[in-house]
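First chain A sits with chain B, and in the next complex the same chain sits with chain C.
Now for the complex of A and B:
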């Protein structure tokens, strides 16, 4: 019966949501559709109650208005009426709690997952660690600074695109263990009906089982600082075969990166690579031109660290500086990335120290 | 005995949030404070146990 009602309700709601959607979407998982149906069921119960209560109220106000000679009746109490208007809402609430409890139990059932991924919120990026595979990467905003500053046209996925999307297999139960590294973030992918706070020191759980391969986008939905709007989530759902291919590609890439770390690089190679690293990892605070934001984030141009002893420069990038917004990049950047960005900062952005550091000397 | 039955009825009415003025006056004239405290604690315990029982029932039903 409930299913029939919610189906009918969804059919009424569907055409309206197609072109101008303000309702929540139905999502792409069985659970997200269940949540949507529950939402619509309770929404319509509220509509019926609202129409009935306000209908009676407005009718009474109009019908028994003073100009028609209505006189208020004075009485102290009516226990029967009071019991009725207390018991009926209680029954409605309990009736709504029954399907809601069933849905909540499903949402919290993270058992028997096929893939487990730890999701960690950082200012202002997401880190994904596959617990059963040796895969661990950061997912940074990929929208260009030019689009953000209105110097270039905005693409359709403006602020909803990342360099390394989260990749999960279709038709497998994927469990997320959601936490944060610095402040409270929240991991939200509307099509999965997953919105979970990422809290430092706590692990919240959620899960999805997506039927169709595709790309699904979301955002951080807990105000987490300056670039809160610049840490989107992109999830690529791949077929089982494609997912396995991706996993082996990731392993091969990791091996290749390990090999790269022992290579000797030229100054030009490091500076060229460092520019990309700088724009992804540093420019958010220190600004693309290296001028920083006075009073908030120090400039790289002419800075005593970026033009002083190279070991101190490497150290602050690896370990951060406690008590400031400068975070430790030890886990976020590879040895090659750190060598490149240090060399870039010392020989670009108005600096010309002339020295460089090789990845094999970086011990992070 | 009657005083206990009346106190429990009044506690149940307070859980619902509805009580008639006549009963309120009766309670204040003939009721005993200690009886209401004991009845209140007893009914709270029964309420907690029934919520706990309902949750257990729901968990059994889903699993």
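Now for the complex of A and C:
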């Protein structure tokens, strides 16, 4: 507590550390540092004006008290003073706006990018598509539900961890093409000073050039529904060599996955795999126990779709249901995942239909 | 009806002596008296302030620690949405209209509002608007959960069914505000006492005149945007639906074209109140009266050309960013003039520190802090880091709570003796002030820190590094919230008992309202006073 008060009073740029961080992160790019400097400049301008105004005010409060015998004077206007305190702030503001405009121009210069990545906001996950590499994946919250509901200890990256982080190379200009699939989201990584709204029907641009490899974390910053607070962003910045290695690993993984899709799975394999898929992709709305939320999200347990014809069941997962929050999972899940989750929903969560579906019968 | 019939002869009998209020419930239902309607607005506002406050405490209780403890994320979103809507449309705006009803006729020397029957109507539709809005909490799918700014398509395609009730409620609130505004303009322009030229009007009257024009200009825009939502939801249009060729960003432009002037609707009357109170307790005329009027007018005009500073991250063209940054920074100039003038009024005055003055002084300091963070937010490149974080939450709560709300409390304490005829209990007033002052700062100051450190707004759960300041803010919120019980106690006690107040009430008070007895008779200025 004492520490908090000391920090609060000092109001000085503290190093980005500890739980009592009080200032903006300087970030890890030239642009983020420029923005930080603007932030500190305008902050100090406010401090100077504040000290002057509050100084005179508190001087008056202590000096011109009736209880000390102060008698009010009668003047109530002074054109010179009024002009002065109109003109001086105007000049300060213009002086402030010039460097700000210069920084804005840098932020808007998205030309000559080395890597281009499309970022798409979905309720409540991010999709990253590397436009030159044929890499395409979804990035979901990785924090366990037990941690959120206080049944397990929270790890240091609580709510700021994902299953598949975005990977970008260091010292390259990376251009982001930002859009959304359903509602408006906003993609923000504080250390990059990149925040851009992801809007359905629009493609916004932003860029970053990170000097040092590292892991940087951010969050969605536009209210996008129930799990707005649970769709973090993790960016791994790798050296050029590591990045190339990662790209070729991704290609190899893709081939391996294509091979999986033609295999035959047992019921137990599918249900076991399906549980993981369900908790990542479905439980947010339909709830981990399959009960849904009455009035908002239907239950899986006993649902006519999950206990009815298997083709209808597969179809709604692949194509979604337009006009509702039920998304099309065609591009989010592999054939194996879809087969697994369908089998899981039919044979768990209180359902026991007894049939299963193989990945090779799923036609995306 | 029976009670009215029974009471009628009695009322007529009294009429021979003076035009007193009617008896029973009928008095409040049928009243066209500006003082009765003013009181009803103020009581309604206080009820909404309590309901919105309970929602704020639910939010702060959930955010006391990381993890989900008390509420589900969907309900949390309903709370943030309803808290915002109720505080803006139910607490702050009706409180100012209530003060306007009570004070404007008395300050300009008019016998009542210009349109008394419409005045009754504009009040009585409000409780129904809020009943409709609040009833949505009990509907399947829950209350609106898309934030008080209700951005499409979250509020259209993806909204709970109750959104239609929300739209209907907003329409009624808007109609109420427009009628209230017309009434205030008609009263001020037509019913001033002889000799009260425009530039002799009290600042509270001036600021309300300008506010009323803002209301008439932008409430129809709000009505328009919710109607477009209604069309999208029920009649197959695609104003905001990208899949149908619509434009989600259009929603934000229309909303903020209403929304930014709306922000000033909630602060200009506060400027008027503070400009009344500081001269009274400094025993010195307001410094720079004319420049105060011009400052308010220029703030109002500028409010129409700054709306997109709420949208710096939507991907506007560069020139748009630069224009809205410059225009927004410009607002700091007239706002600065007002603060300088208040300080200059105190300078070489003869100050005392009764409860209304304490709230006014806290307003000047804390509103200015909110102004500073506003200036920081205007710097577009830095706004990319501030936008939609707790820094913004801290900013607008500083201008709305110790800004607008403190001014309403200051006004209540300032004019209460005139309304009730009883002097204030200064001790209780000061207890309320200090608890509120400490509570409000413990609540909202740490929000600057977590916002800068990277905590987004409108999240029910947060990363561990934000935990300490969030606990602090929650403790502050409960202190602030419960200290309002002292306020309610003070007001009720003052209505019931207290030392008899003089007509003047405050030694340094100037203006027509202090020439009538305390409590103000049911009808004042039936014969207009002469102002010179």
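Basically, the second predicted complex is superposed on the first by the 318 of 364 C-alpha atoms of A that agree within 3 Å, B and C clash if a C-alpha of one lies under 4 Å from a C-alpha of the other, contacts with A are read in each partner's own complex, and residues count from 1 in each chain.
One rule holds for everything that comes next: a residue touches a chain if its C-beta (ideal position, glycine included) is under 8 Å from a C-beta of that chain, and two chains touch if they have at least 3 such contacts.
The shown structure was predicted, so the numbers you read here are calculated from the model rather than taken from an experiment.
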Which of chain B and chain C A:154 touches, first, second, both or neither: second
Which superposed partner A:77 touches (first chain B, second chain C, both, neither): both
Of chain C and chain B, partner touching more chain A residues: C
Contacts of A:111 with chain B and chain C, given as first, second, both or neither: neither
Partner chain(s) touched by A:64 [first = chain B, second = chain C, both, neither]: second
Touching partner for A:294 - first (chain B), second (chain C), both, neither: second
First, second, both or neither for A:86, with chain B first and chain C second: both
Chain A residues contacted in one complex by chain B, in the other by chain C: 76-77, 82, 86, 101, 105
For the chain B and chain A complex, residues of the former touching the latter: 16-21, 58-59, 62
Complex contacts: residues of chain A adjacent to chain B: 76-77, 79, 82-83, 86-87, 101-102, 105
Parts of chain A lying in touch with chain C, wherever the complex brings them together: 4, 8, 16, 18-25, 34-35, 38-39, 42-43, 46, 49-50, 53-54, 56-57, 60-61, 64-67, 70-78, 81-82, 85-86, 89-90, 93, 96-97, 100-101, 103-105, 107-108, 123, 147-150, 154, 156-160, 182-184, 186, 188, 190, 193-197, 199-202, 204-205, 218-230, 293-296, 323, 325
Residues of chain C touching chain A in the complex: 66-69, 72-74, 77, 139-142, 145-147, 151, 153-154, 157-158, 160-161, 242-243, 246-249, 282-291, 313-315, 318, 321-322, 325-326, 329-330, 332-333, 336-337, 339-340, 343-352, 361, 364-365, 368-369, 372, 375-376, 379-382, 384-385, 387-389, 445-446, 448-449, 452-454, 456-469, 472
